[in-house]
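The structures come next, written out as structure tokens.
Two complexes follow with chain A in common, the first pairing it with chain B and the second with chain C.
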Partner chain A sequence: MKKKRIKSPYASSLYWPAGILYMVLFFIPTVLSLFFSLTRWTLQEWEFIGIENFTLYFSEENLRIGFRNTIIYAVLTSGLKVIFALYLATFLSSKLRATGFIRSVLFFPTLVSTIGVGITFSVLMNPYEGIINAVIKSVAGFFGKTTDGPGWLIDPNLLPIVSIALVDVWKGVGIATLIYIAGMAAIPRDYYEASSIDGASTRQQFYKVTIPLVRPAMFSVIILSFVGGLRSFDLIWAMTGGGPGFISDVLASINYKQYTSGYYGLATAGNVILFVVVSILVFPLSRYLNKKEVVM
Partner chain B sequence: MILTRNKGLKSKTKYRSIWADITGIIVTVIVFILPFYFLVVNAAKSQEESFRLNMSPPEKWLLFQNIAKVVSDYDWHVLNATKNSLILTIFSVFFLIIISGMTGFVMHRKRDNTSAVANFLVLTALVIPPAIVPTIWVLQRIGLYKTLAGMIAIEVAYGLAFAVLIFRNFIGTIPKEIDEAAIVDGCTGWNLYFRIIFPLLKPVSITIGIIATAAVFNDFTNPLYFLPGDENATLQGTLFAYVSRYSTQYNLLFADILYITAFPLLAFIFFNKRIVSGMTAGSIKG
Partner chain C sequence: MKIVRNSRLAKALMLGLPAVLASAMLAAPAQAATEITFQTWNSQVSQDQWNAMTAAFMKANPDITVKVSYVPGGVEGDALIKTQLASGTMADVFSYNVGALMQAIDPVRNLVNLKNEPWVKSVNSGFIPSATGPDGGFYAAPFGTAMGGGILYNKRIYAKLNLQIPLTWKDFMANNAKIKKAGIVPVISSWKDSWTAQLFVLGDHFNVAAAMPGFEEKFTGNKIVLAKNPSTLAGFQHLEEVRKAGYYNKDVAATTFAKALEYLALGKGAHYPMLSAGIDTIVANFPTKASDIGFMAQPGTNAKSNGVTVWMPAGVYIAKTTKNLEAAKKFVAWTVSKESFEVQNKVVPPSGPYFIKGAPVSGNLTGVFTDLYNYMQGKGTSYPALEFLTPVKGPNLSQICVEIGSGQKNALQGAQSYQKDLQKQSQQLGLAGW
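Showing the complex of A and B:
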């Protein structure tokens, strides 16, 4: 046809505002980070020092902890959200009366300030004055036992990062549930009717109909929460600041500490490492999940 | 439909559903409402009373006095931060909706090399973390570092990928015949988008608007890096700073949290139905 001679009615210039912003504030800094991670940098001048930043970064002991915590945090938050949200969504998709109320309440923490949630929970989790341990103590006392309760955020081992991850799940499970509910709403009712005529129980319907057909939503939840978990900073910063010591540091908080100490080259190297870690884990994961989806 | 409804009338199912209702409500109240209750009662107490950090209601409700104290403290610092946060949120969300909608439109309708590249860039931007210090360096070069305008540009740039994705998917549900009818009448280019298509995107624009408002208003990390300085402080930043200032005045610390939460809470009360239905409409699709 004559299509080639007619000027397209869709203007490519619609790309420009987004394209310029993306280029200047996202793409160019990302490319620059590859270079500046190899320098000693004061933001005014730089000196090329090769891979020294990376060797320095990897030689620090707290980095090992940071790596471990980043992975634990991401796996724990996304895993718990995927499972809890699936059951919550199933519960809330049923014809119960309380669903409207529960749905709203569940969703509210997503809108609330992460810093506010972090501060509130760090007070609640205070091992000496906090309410959570007060409840644990009185329950234990009821059964005739005495306990001090866990140290939550001041424990010298893994507990601080796990506690923060639990608060993250508390705050983020609502949005994961909504994604599931949307996925479940898209499942045609016929499948449930057909399977119940064939004598399937509610449990069988859940495992044989709901779970396979809600898979695209499940994958969105996995990817979104896993990426969020790997990059998360603000909740951890508000609750422990990476402490006690470096026990609950993650890659993002280590980078921030180096930035505030003025080690801009080192902080940029940390940024590149985070970038590589996220890419190595997430892109294969999303390809794997997409492949499974096609097979289904 | 008829089948399921008949089933629901069976007494056994009905009996079980009442228990499920009650358990659901109790668990929700304990897990989700009690922390907010704790926040409210302690924000309303006097200093000595709040120091005990318990759930009992205050002897005397001092909620508004405490909030007024927080807002006026340190030469009305929180009030200034409120102004900054509101300006930042309103402008970021406005530009984000305008810019990402037009991008999503041309990406969906004009399939060429540019749209393939744009698709790839959107997906990568969703995943990879932004390079922070080099971004500060770029902002310094163009004179936008430590300015609200620069912060708005950053929020829009970082929000683009998600918003473009949702707009593009939603635009896929708008029949191409609508464009064609407009094109026949001579409406093309930017006019085609802003006069014909954009008004049809209202539901998804509202969804994006709500998500982005919560994200920008509650953003702590990006202003921490790109908008330092006392006069530039946003509400999240003041809240963080006040943890140490109010370390012995829990009532004021909680009043500050409550004051900041009041903005999303009001939005939540007014738009509750919209938020939940909008979120489900926009959050998933292809």
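Showing the complex of A and C:
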């Protein structure tokens, strides 16, 4: 079937401003970064070295940790946000008193500076002096047990990246909830009325009406939080700096460290790789979700 | 009542203001102050020092104003300074490390060669190599004092347990065993500020150089395998041995630099592998405890060769992009003058010798100063740290040290990772042999 090109109703001069902005701010930098990832550059000069940066990047010793953590972080933050936000949104869409106030409180962490949140939580999560372990210890003491509590950010295993992910969920769940609330508000009341006449319980309404119809919102939340998780950096940097050692490094923090060491070419290659990784994971996901939406 | 008075005041101001402005405008051409900008680190000690110094300089040179701005230390500061230099937005004068870090900011391209300045003759010869560029130019005026890389220790604990200053690593570990028995933490470390974890490795360079003469040249040319030489491996092994013996403080991974110094000052721990300048923080936070603290060189294998690894002071540089070169030079020359040192002594008592001949040293000198001074005056009891003798310095050493100290890697694996780190950095710098 041949597609017919529909002539735009607007004069092409109307497109120029946006077109120029797009070229200057997005297209040219993307092409340039592809080019500079093939060079060894300082801010003043460059030397073409082919794919050496990429081979060097893949020989990076801690890259495996970085990949593993990036995936764990993205899946964990995205998954928890999708689930928590759904329940929070259901709760906040109900006819409670002061929902406006509760919604604001829930949204508040999103407005606070990420670095500030990171520093605050690294103090709270200090295993020896932090309030979180103090509470755990006293609760354990109440049941006649003694414990040191977990070493949230200093454990030499997976715990640090999980701890940071939990803070990320706390900070970001407000936005996800907001998207869900908007999605729920768009569901026509008729479905609920019709189903209740048919004798559906509230639980059934939630699973059979709300969840299927809120799916577009859910997919937005999944995609947004997954991409956000994959390229997350600031919270991790503020809380552990990728440490102890390299145990909580993600791709973005590895790239950042290379940049600060003056390895500009290598860091550019790293960002190109991050871009490719995000694309490889997100495009199929997004296509799959879109398809489901259409089927529905 | 109040309103009336205020309106009268306003009238007086309105009448007076033009007169004031006119007189200011008339006076302006006579003063024509040149403004130069200066950038330094944002730590409290650094701010106090430079505020006092620039104030004194401007008092002595009313025709020049110095505007000070601050940048963070660590990797953030490194990245910022490189960007400022490359984009031509660096302050006229700025302070930064000398040695390998200076080589990394491309001195020949970015900095003004100060070789022919009159004050250069008074610079202590030990400082010269670390501020010399690949073209033989001399780029920095020394700022601050020498620092020793070794072990800060609590003298009270040493006296109470009747311990001797260890001259070999074996003696050091024997002391640690006794300290632990007494219920005190033998070795404090602070991995929350991961740079502090490097001292066992970097502070061991006196011993490495003693065991392997001509080391730096071979090292720069990639002819050393860290994991295969007992002396280069020793620093990494120390991190591992102390962990295996259980000598670190229990909360080591959550401890910060400031907290570690608190433990040392209050006698909760006996040793802290650190730069001697750590005493400045104790002087500021626990002034009454400063006299309890001493400084010792990091012991090696040979009791007969025992000495301290010395860190050079920071450098004061002039960026090539400056538009007020003469004023900038005048300011830099002033920072190494006698008046400048008198101001510095007043703000913080020096924790080590200055690198300008005849620089006055005064104030409440600490025991750490005396210990370091004695090492540096002695014959063959001090040697510069590796980073001042070669441009090769891997950026990931601190994290690798934390990995070894926390048992994620053993000493051998750590040394191998650091070798890879060095290789990457040297390739980026385009050094021969890598």
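The working rule: the second predicted complex is superposed on the first by the 276 of 296 C-alpha atoms of A that agree within 3 Å, B and C clash if a C-alpha of one lies under 4 Å from a C-alpha of the other, contacts with A are read in each partner's own complex, and residues count from 1 in each chain.
One rule holds for everything that comes next: contacts are C-beta pairs under 8 Å (C-beta built on N, C-alpha and C of every residue); 3 or more make two chains touch, one makes a residue touch a chain.
Keep in mind that this is a model prediction, so the values were computed, not measured.
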| item | value |
| --- | --- |
| Superposed partners chain B and chain C on chain A - clash or fit | fit |
| Which of chain B and chain C A:S279 touches, first, second, both or neither | first |
| First (chain B), second (chain C), both or neither touched by A:L43 | both |
| First (chain B), second (chain C), both or neither touched by A:N126 | both |
| Chain A as apex of chain B and chain C, Cα-centre angle in degrees (nearest 10) | 80 |
| First, second, both or neither for A:V250, with chain B first and chain C second | neither |
| Winner by number of chain A residues touched, once chain B and chain C are compared | B |
| Which superposed partner A:V82 touches (first chain B, second chain C, both, neither) | neither |
| Contacts of A:S220 with chain B and chain C, given as first, second, both or neither | first |
| Touching partner for A:I236 - first (chain B), second (chain C), both, neither | neither |
| Which superposed partner A:G262 touches (first chain B, second chain C, both, neither) | second |
| Chain B versus chain C as contact partner of A:A165, first or second or both or neither | neither |
| Minimum C-alpha spacing, chains overlaid - chain B and chain C, in Å | 5 |
| Set of chain A residues, in rising order, touched by both chain B and chain C | 43, 126, 129, 259 |
| Partner chain C, residues of chain A touching it in the complex | 40, 42-44, 56, 61, 126-129, 151, 153-154, 156, 241-247, 257, 259-263, 265-266 |
| Touching residues on chain B, where the partner in the complex is chain A | 1, 3-4, 7-8, 17, 20-21, 24-25, 28, 31-33, 35, 38-39, 53-55, 98-100, 102-103, 105-107, 109-110, 114, 118, 121, 125-140, 142, 153-154, 156-158, 160, 164, 179, 183, 188-190, 192-193, 214, 217-218, 220-221, 224-225, 235-236, 239-240, 243, 250, 253-254, 257, 260-261, 264-265, 267-268, 272, 275-276, 279-281, 283-284 |
| Chain A-facing residues of chain C, complex | 75-76, 78-79, 82-83, 86-87, 104, 106, 109, 191-192, 194, 250-251, 253-254, 395-396, 399-400, 402-403, 406-409, 417, 420, 424-425, 427-428, 430 |
| Chain A to chain B touching residues, read off their complex | 8-15, 17-19, 21-22, 24-30, 32-33, 36, 41, 43, 91, 94-98, 101-116, 119-121, 123-124, 126, 129-131, 134, 170, 175, 178-179, 181-183, 185-186, 189, 192-193, 196-197, 216-217, 220, 227, 231, 233-234, 237-238, 252, 255-256, 259, 264, 267-268, 271-272, 274-275, 278-279, 282-283, 286 |
